[in-house]
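These are the structures, in structure tokens.
The same chain A turns up in both complexes below, where it pairs with chain B and then with chain C.
Right, the complex of A and B next:
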């Protein structure tokens, strides 16, 4: 479905009425499910994902040998291994499309998330155990990998697994396609499906408030001169996402203290009133 | 899935079994025999689908069902001749009887998939679950007729069931209840074209009718629900937990649907009770069959503390005897099929007025359909 992006230069507004550096509505919940160790639900625009984290737990029989369709941590004898499963629901896209577990795209997302987690979780604290991350895609409208990474971060925080900092991700694109030689191309933040299909884009994930890039995936052809601008916008978007996620985590923490699930300690640095 | 092993010792299994076969049974979570676990449910959670629902059981298991519909051209299995005939009769009689035509509706128009995290999608247990639920839906033969548009086109309905949580207990009742709610909230666009024209639909979603209409003359049957019932000794238990399933003598998946019959003008009294109809029944292989048997302390020299090589033969004989005759307090995996009396009492318990099925359906009716 080709998208007519020529109108962008007229009003500098995108198809859904956003400016170039606007994020879509981000809504998230932590601890959506009681049976799991950690869980989260995240919406970025119309992209909706759920994440369930189980573990750190003793590896199940058969999992050691490498389950089909899941990304396995390799070369981690001492630390916990991380298994990521992504399930894309058949009803998630506009036209119903069933994707098997062995779909290449899904496998690549699994491996990307698994590697990002393996580098930033303190897995050495849980030797000989497994952390299983199951992700469910309920509805997709662009920035899928970014939404999955953000949901995973929230669920891992809910599970209480120590990590160096938040891993937050978002996408960045460019308003003109690869072949077009216009120099006035604007970078775009947080693309939806229509834009993703038409324009070059990349997914970038950063660690906390720093500029450290933890994940960078680009599958489309981009002119090198535009890459820097896209990356800057993407990293800036990640910081915005981090602030939003941090707000959600703190809100949940406040609620837990108010409900008495966690004891208020003298060491508490954050004031509850703000 | 049902064969998932629980880590219970033979002594624990025997204890569970004997406390569950008491009258009234004592269940580990303190429920009565016919009590369902509480659940929370919501529908219409995904605007991108024709119908969707989410159900969370009290033990934390959670499932999401999404329904998507697509238009498909009806291919005549008889190679087109049949259609020609239809056209002739239709032009002759000035439009055939729609009810008559709907007999061509086929069950394969409904496709169902179950996704359970950590299991392959072609896992035998998963496929069995999907087929079990599909069979119950199609059993009354009315469902496929709802998908009929005209003689040339029909709806193809995709029902995708996702278990979000790790499978803690056998997820059959959860998936069935979620499917029930998703189907109740399913809407298909309103047809604007007439007869056998290429279908045209009203693009106003608010005007679209429900797949299962609730009020008015069209209000008829409801989608079925499937309950998991186990028999332990002489007691019949509904909605078993994982531990209860591990000691079950037999497990049955019973599907029933609610039928709303239109009453004549003479009986205008308030419709007090619903009519339940059994649509299908399947035995589920309980994991108890794979459990190792217990050893009585008489045959266990680790317990008696004496080891006499001369008595070894005697012990072997004892061992044999143990296998033949069940002993009180010693676990022995159930063998053989389900007795007829047990089947009978299960069906009675399920169809009983004001029983579990009524309770569950009342609960589901309370869910706000959006």
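Right, the complex of A and C next:
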């Protein structure tokens, strides 16, 4: 259902009442599954995803190397291989669609997450093992790939797998469609489904607090001159997401120390007072 | 299951060292493509692209079918690609590898989703009859940069293709043979072209274009831009890999735009040459009774 975004220029408010640079409510939990090595639950607005990380573990006999979605990073034979599975629940979007296992769009997302992790995790510390990342999409309302990447980052941290830095992602769009050639188009941050259907947008994933882009996916037609503005806003949004995720991890850490699950040591730069 | 052979350690070290000094094994500059050859077949809709040792053939065919019930006003347009064991032993039939999935997805996003072909013009009778245009992409030999060459081959083949002319009178649909009426080109809206940039070095700060198979094995990341000559991005994909600076991505986008204009000129020139070759002087030449002695 297309949405009329022409009202944006009047009030500078989006359909859900946000300003151009507002993120939606980001709620996340870490260590939600007791049995799993690492797990997380993440909501970005109404997009809800769950992630479970198993491993690093011995590769299972049935798991063949190099199959779709489990393609290990080439040239990293000595390191752990990473397998990513994305399951989209039938009830996750408005129209109930059966998606087969061979949906290319889902497979592309699996490969993207797998490759982004392969370059970021210190897999060389776990030779001859497999890290399995299972992602479940419970509800979709835009920024799906971004939510999946953020949930994966949290779950991998929970699993205690060493990594260079957080990989955080969010989407950025532009207020006018490609047909209108006006230069006065404003960039937008963190789009929902309605906005994604109407406006050009891209998903950007960055490493830590830097400006380094790990993932960049754009599937809509947009003028090349708009790219810079959208990318800048997207990278800035990723930094905001990183601060939020970092807060969640630290809060969980404090809680674990208070409960006595982890011994407090002098090395920890965490204050328990707030 | 056969695996792709990996470059040896010495090969790897040598190539990477050379790249970090700004040299490539085939003495190209870092931002230089291999010589690109585009030729068309005798039939309409066959394009053959050679980029160094990479060779790709695209064949377009069209037939009249029933449209999908949920899209009665649209024709059917699909692109199929197959990477068989002829290319490399690691590719098996009926088991798509990661390369193949990404290639198919990229062509779909670049050409189909960006609306390069006007599918509504393929509709003959709403809900009953439409053209089904199908592009078969055959990778004949792979030596790196499959994406750019495949995209060019598909676009060139589609622009070269002519479908039989049709007419509707009342309820009857007539499809004319090539002898009765000159076949008509597809309604083509814009020509997007892919350019892939590969990143090398510790921080992915060295950018190469048109990498060979060996270089492709050693890259730390890559980004593919699809643009048309009007400067419209149809698709960007940087699917993981080593993180690179955002400013570098913007520079790559500008380079991709220049490259896309080059590709457009090349395809236009080749199409014009081919049209000239086919043009025998029109009806007058056909009707003339004069013989060449």
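Here is the rule we use: the second predicted complex is superposed on the first by the 262 of 274 C-alpha atoms of A that agree within 3 Å, B and C clash if a C-alpha of one lies under 4 Å from a C-alpha of the other, contacts with A are read in each partner's own complex, and residues count from 1 in each chain.
By our rule, a residue touches a chain if its C-beta (ideal position, glycine included) is under 8 Å from a C-beta of that chain, and two chains touch if they have at least 3 such contacts.
This is a predicted model, so every value here is computed, not measured.
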item	value
First, second, both or neither for A:247, with chain B first and chain C second	neither
Per-residue touch tally on chain A - higher for chain B or for chain C	C
First, second, both or neither for A:87, with chain B first and chain C second	first
Which superposed partner A:138 touches (first chain B, second chain C, both, neither)	first
Touching partner for A:127 - first (chain B), second (chain C), both, neither	neither
First, second, both or neither for A:235, with chain B first and chain C second	second
First (chain B), second (chain C), both or neither touched by A:160	neither
Partner chain in contact with A:34 - chain B first, chain C second, else both or neither	first
Those residues of chain A which chain B touches in one complex and chain C touches in the other	68
Complex contact set, residues of chain C against chain A	1, 3-4, 6, 12, 96-98, 101-102, 104-105, 108-109, 113-115, 203, 217-218, 220-221, 223, 227, 231-247, 249-250, 253-254, 257
Residues of chain A that touch chain B when the two form their complex	33-36, 46, 48, 50, 52, 54, 67-69, 85, 87, 89-92, 94-96, 98, 100-101, 132, 134, 136, 138-139
Footprint of chain C on chain A - complex, ascending	64-66, 68, 71, 74-75, 77, 104-105, 107-108, 111-120, 178, 202, 206-207, 210-219, 221-225, 227-228, 231-232, 235
Chain B to chain A touching residues, read off their complex	46, 48-49, 52, 56, 59-62, 64, 66-68, 70, 113, 115, 117-118, 120-121, 158, 160, 162, 164-166, 168
